[in-house]
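In the two complexes below, chain A is the common chain; its partner is chain B in one and chain C in the other.
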Partner chain A sequence: MKKLCILFRSAPQGTVKGREGLDLALLSASFEQEVSLVFVDEGVLHLLKDQQPELIGGKDYISTFKALPLYDIESVFVCKQSLAEYGLSHGLLSIPVTVVNDEAISAHLKSVDEVLVF
Partner chain B sequence: MILHHIQTSPNRDNALKLCLRYACKEDAILLSSDGVNALLLRQWAMALSPFKLMVLKDDVIARGLTERLSNVCLIDYNEFVAQALLHDKVITW
Partner chain C sequence: MALLLGPFLLLMSKFIIQVNGPAYGTSASVNALRFTQAALMGGHQVVCVFFYQDGVYNSTDFSLPASDEYDVVEHWQQLAVQHRVPLVNCVSAALRRGIVSEQDANENALNHWNVSQSFIMGGLGELITSIESADRLISF
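Moving on, here comes the complex of A and B:
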């Protein structure tokens, strides 16, 4: 069993990276890997509530983040500095997350077996 | 120890900026393809200086930067594999 960390740093709707990252996270979790998610920089925008990707022809994978607990993905970290940079408060986020500082993210990246960046 | 791998130019993508934000001082950073251009810009060269830095040789030679980046540790693909095995993991940003 591997500790796999998926790090989201790209904006949600302009590229498919976010969707690919979430697919990999859910797939790995269903294969009993210990999956954790980290959202940094523009990746934090994945967590904004009330998004409507269909409006611009996008597939709504954003709401799938609500299914994380079903896959036993409990550790979802968000970069405190990035939230501040993008002016997002905790209340605007769609799912329960753990807001952490840079050192905590660095420590987490060191503690897991693999990190994949999307 | 983590080997951070940057393949894009900092002017095109903030992979390097984010890598530097979360890298620890004992980590190593490898620049390849357009990532090598970061060293041409003072601000990034300085930001990279505290880390063990490596650059993929072919990408430097291909871009005619051998002269300009003469004081940088150039590694070939075999060395890249060796470094990847040496470190706990590789993070490609």
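Moving on, here comes the complex of A and C:
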């Protein structure tokens, strides 16, 4: 068992990075790895609720984030500064997250075995 | 001899390499290839090279660079043969991008396929089990 951190730094629309990151996160968890998620930069936009990616030909993979507890993924961290830059407050987010500062993210990345950036 | 061998063995690492960029258009694949070659030359072990996201575009036999251009796909194939390093595609990432093996073509009633014999169609599960057995994952 390894500690894997999946870091989302790309917006949910425009590329499929976030979707392929989420696929990897869920699969890692089902393979009994200790998985944590970190959202920074444009990646925080994954957390905005009531998105409709079908309208632009995308798949609504974002709603799958609600299934994280079923996969025992409990460590979900969001960069406080990135949230502020995109004007997002806690009430606009679709899933429970822990809002943390840069130092906490840095410490977390040091504490895991591998970091995969999407 | 034992004195020389001892520290040498300690420096051995088991790597897994992840390639997320295509054969043409970004430098990810060439950088990954050069790192893999350097790791092997340095006596390290490479458990496998896993192709995910746009990295699956490295596995097509239908890429035809001009004759005076560097053929990264050919070099991956040579490396796999010379060093017996498995080249593994994420099959779901591949199928979405039109990267199809002979078996996938048969199963989906397609007349054509494009995945080189050098590549194995695998799943993310193989990436995870390789990460578990390796000392370090390097992503490009």
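Note that the second predicted complex is superposed on the first by the 118 of 118 C-alpha atoms of A that agree within 3 Å, B and C clash if a C-alpha of one lies under 4 Å from a C-alpha of the other, contacts with A are read in each partner's own complex, and residues count from 1 in each chain.
One rule holds in what follows: a contact is a pair of C-beta atoms (placed from the backbone, for glycine too) under 8 Å apart; a residue touches a chain by one contact, two chains touch by 3 or more.
What you see is a predicted model; the values in this text were computed from it and never measured.
Student: In the superposed arrangement, which partner chain does A:70 touch: chain B (first), chain C (second), both, or neither?
Tutor: neither
Student: Just chain B (first), just chain C (second), both, or neither: which does A:84 touch?
Tutor: In the superposed model, A:84 contacts neither chain B nor chain C.
Student: If we overlay the two complexes on their shared chain A, which of chain B and chain C does A:16 touch? Say first, second, both or neither.
Tutor: Only chain C is touched by A:16; chain B is not.
Student: Between chain B (first) and chain C (second), which does A:2 come into contact with in this model arrangement: first, second, both, or neither?
Tutor: The answer is second: A:2 touches chain C but not chain B.
Student: Return first, second, both or neither, reflecting whether A:31 touches chain B, chain C, both chains, or no partner chain.
Tutor: In the superposition, A:31 touches chain C alone.
Student: Does chain B (first) or chain C (second) touch A:117, or do both, or does neither?
Tutor: In the superposed model, A:117 contacts both chain B and chain C.
Student: Give one of first, second, both or neither to describe whether A:102 is in contact with chain B, with chain C, with both, or with none.
Tutor: After superposing on A, A:102 lies in contact with chain B but is clear of chain C.
Student: If I apply the document's touch criterion, which positions on chain A are contacted by chain B in one structure and by chain C in the other?
Tutor: Overlap of chain B and chain C footprints on chain A: residues 114, 117.
Student: In the complex of these two chains, what residues of chain B are touching chain A?
Tutor: For chain B paired with chain A, touching residues are 2, 14-15, 18, 21-24, 88-89, 91-93.
Student: Of all residues in chain C, which touch chain A in the complex?
Tutor: 18, 52-53, 92-93, 123-125, 127-129, 131-132, 136-137, 139
Student: Please give the residue numbers of chain A that touch chain C in the complex, ascending.
Tutor: 1-2, 4, 16-17, 20, 23-24, 27-28, 31, 33, 114, 116-117
Student: Of all residues in chain A, which touch chain B in the complex?
Tutor: Listed in rising order, the residues of chain A that touch chain B are 9, 40-41, 81, 102, 105-106, 109-110, 113-115, 117.
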